[in-house]
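The chains carry the letters A, B, C, D, E and F, assigned in the order they are written, with residues numbered from 1 in each.
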Amino acid sequence: MKKSFTHFTKSGDAQMVDIYDKDITERMAVASGKIYMSNASIEMVRDGTHKKGDVLGIARIAGITASKKTPDLIPLCHNIELSSVNIDFEVNTPKKYIECFATVSCCGRTGVEMEALTSVQISLLTIYDMCKSVDRGMIISDIKLELKKGGASGEWERK
Amino acid sequence: MKKSFTHFTKSGDAQMVDIYDKDITERMAVASGKIYMSNASIEMVRDGTHKKGDVLGIARIAGITASKKTPDLIPLCHNIELSSVNIDFEVNTPKKYIECFATVSCCGRTGVEMEALTSVQISLLTIYDMCKSVDRGMIISDIKLELKKGGASGEWERK
Amino acid sequence: MKKSFTHFTKSGDAQMVDIYDKDITERMAVASGKIYMSNASIEMVRDGTHKKGDVLGIARIAGITASKKTPDLIPLCHNIELSSVNIDFEVNTPKKYIECFATVSCCGRTGVEMEALTSVQISLLTIYDMCKSVDRGMIISDIKLELKKGGASGEWERK
Amino acid sequence: MKKSFTHFTKSGDAQMVDIYDKDITERMAVASGKIYMSNASIEMVRDGTHKKGDVLGIARIAGITASKKTPDLIPLCHNIELSSVNIDFEVNTPKKYIECFATVSCCGRTGVEMEALTSVQISLLTIYDMCKSVDRGMIISDIKLELKKGGASGEWERK
Amino acid sequence: MKKSFTHFTKSGDAQMVDIYDKDITERMAVASGKIYMSNASIEMVRDGTHKKGDVLGIARIAGITASKKTPDLIPLCHNIELSSVNIDFEVNTPKKYIECFATVSCCGRTGVEMEALTSVQISLLTIYDMCKSVDRGMIISDIKLELKKGGASGEWERK
Amino acid sequence: MKKSFTHFTKSGDAQMVDIYDKDITERMAVASGKIYMSNASIEMVRDGTHKKGDVLGIARIAGITASKKTPDLIPLCHNIELSSVNIDFEVNTPKKYIECFATVSCCGRTGVEMEALTSVQISLLTIYDMCKSVDRGMIISDIKLELKKGGASGEWERK
């Protein structure tokens, strides 16, 4: 069967896809992304987390809050109740990046990969905002789905 | 002078920085980013734009709308009136990516680089949403500031 | 039995009505409305849809997005998960109006007629916004419920 | 000079129009609209306003609040600070309609006709919501701009 | 067993707690709070409610609307569908306070005490807003949970 | 002159007051409030701030973010650009309360006392949310304006 963009009708008009016939099951998704920054910035972030100026703690709150705004940001996304949102950071000082992982779950008729990706994006952008007075050259990269479970399309994992 | 994270007080507490003393001037920012996808997806997007299923048109609207939500997404961002928002896409079929450019301007006391970056992020994520029924492996990358004009810190351009 | 405004308590105070005892069933609603405009405007809209300046495509996205904001706009509306949202337009050039139809469904304890009506209103108002540089005299009319299915009050259809 | 849709670039892409060069002046707009309902409903609304179940008071609050959400509802609208919002109702019992008038003003670079129209729409839709348990056949009509002052395009008044 | 803050992981990071394993049951909560004001203000509020300038009617609408915004205001709150929201006021003229009671219910996996408390806060703050041209010294106090039913932790009532 | 509620017209209808004639000046406001909790909870909050589970850091972010939502929460509030928002906490372990101070400033036509009070309310409610798994009996009290500067009504300070 040929795959198609389900967000469009046959005549090419955008729609919020009907999920009524889908099963209510547990669904989860993990997304990740990185922000690359200068030596100076990444050391300030790393030190701040333990001492003062908690960049990552604030970025985590921004990411969790953003997950709940996904249907308001992405036009054709369904609004759904989320069961959980977790956000983790790994500071890689030698390679000069901070990696963000968001894990979101729900129990409903559609998946949460958009919520996980939104959380990663807004977490990383919040890091950018707090570090930009020191470093404007930061680059946000590699935002991607890592894993997806539940629903008719089954499990998907990045190879 | 040593640079510091202005979003924190001396005791390390987050704050929305005082911009009262800054001049009201014209300010603008350009940000860009890319989404990498499979051959099949990028061809569907490119064809749809001209015929039916206008992925990029919808992504543009999502990006423009998101620019106005920036202070609601990024905790320490000021809420400001925007003068203009423009979003452009370049579909690079051989290299299998779509590049997004957002240009935002305002006339106020603080810049609009966060608004430009938010527009790029949400435009690209909306493309992801509309193509994910065909391709879950897409990667969003290279989200970065290109240019920034106006304000005390002056012009900044990526080299 | 005498009908009453269920959105008020016996003492006349507004309330969000208790829907706990209602059944979880599939519910849907269709609403419609029209915008009347000058010959010049309606021809520009019609041509733009096929060539460039896609007024109706943008109005559709605005209407779909607005359906999800209904509980934030209408004070006593319940917040509910929507299953689908579809918006169609018919351009009637001789009679100089564009008609909008919104079909919304959910699976829950309360209906979606307010969501369908909100979608129609905001779709038509978005058309107004995009055409107002050419024509300020446009009139939005005949916004009404067409059909409603599901729930204790059963099916309702406009005669 | 031929008029054009300013919300699109020459290549037909949507944009938030640049208002930087416009003057900061006082601007105001008046919009109006009607909701037609059954005899029974309109009498309940009229009586409730004086005694209990204040439909129009709630509709007024919904309309004022909605004026501030206009840039979030209409994709290409600028976000601007409003100076005032007033909403009036006239209950016409013999002709079985309630008419709503919204007057909005600002001091800025762009007008407030979209804010006035949004207020009228959401006020009337809130009336619909509160009366729908009694009357599903209500029709919202004649939503239109009445008057617009200030700005380069000058005064506009409906004839 | 030692109690702990469930909103944090073992490593001290904030999270939106996983509620997937919780039962879907009816849950309700009652919260209350007071605003203390001058003799002059409280008499104006009391009289306005019956005649004109309906402060409490507007505060009730603000409180009901705010209940639906709770997950957007409180970072780690789940977004849930509410079944009902009721808000009552008692004007105590001799003691110069107005007391607000909010009763919220849902049928879901987590409770609604945050929604009830948010409703009380925003209702009282709306009273403050409307009376502040007369009286800036008002004090909002005693915002507290009164009762909570449903869910694994069972019933809780203030003694 | 007799004072009156400016948020109502002479006929008693709510309005967003016209601020067009007011001067654009610097305005600021300080508000405060307290949350009373058990010995166990307050010690957990105090310790967490330095080690892990940073309740106050998260409450600060919630309060800053909420200040920007004030016009969306309080129906008759104007939407205005804020210049700065600062939130401080004092943990009083012997008296078992945490006190919150919010300082907000703007340069505009109307004051920011509602923004300061909203920040205090939502900061304290966020503390409640994070501690409620340990202690449901917490009480939020003494939310009040401390100081207000700028504008026609001049300086106001609590005695």
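Miscellaneous remarks
The rule is short, and it goes like this: a contact is a pair of C-beta atoms (placed from the backbone, for glycine too) under 8 Å apart; a residue touches a chain by one contact, two chains touch by 3 or more.
Quantities reported herein were computed from a predicted structural model and do not represent experimental measurements.
Taken together, subunit B and subunit F share the touching chains A, D.
Annotation of subunit D and subunit E: jointly contacted by C, F, touch as defined at the top. Centroid to centroid, with C-alpha atoms defining each point, subunit B and subunit C lie 31 Å apart. A separation of 37 Å divides the Cα centre of subunit C from that of subunit F. Under the contact definition stated at the top, the residues of subunit D that touch 2 or more other chains are 13-14, 54, 57-58, 61-62, 65, 69, 72, 75-76, 81.
Touching chain pairs in this entry, ordered by label, are A-B, A-C, A-E, A-F, B-C, B-D, B-F, C-D, C-E, D-E, D-F, E-F. Residues 3-8, 11-14, 33, 40, 44, 48, 51-55, 58, 61-62, 66, 69, 72-77, 113-114, 117-118, 121-122, 125-126, 128-134, 136-145, 148, 156, 158 of subunit E touch subunit F in their complex.
Note for the complex: subunit B touches subunit D at residues 26, 57, 60-61, 64-65, 67-69, 81-88, 105, 107. Residues 9, 13-20, 71-72, 75-76, 78-81, 108-109 of subunit A touch subunit C in their complex.
Residues of subunit C that touch subunit B in their complex: 54, 57-58, 61-62, 65.
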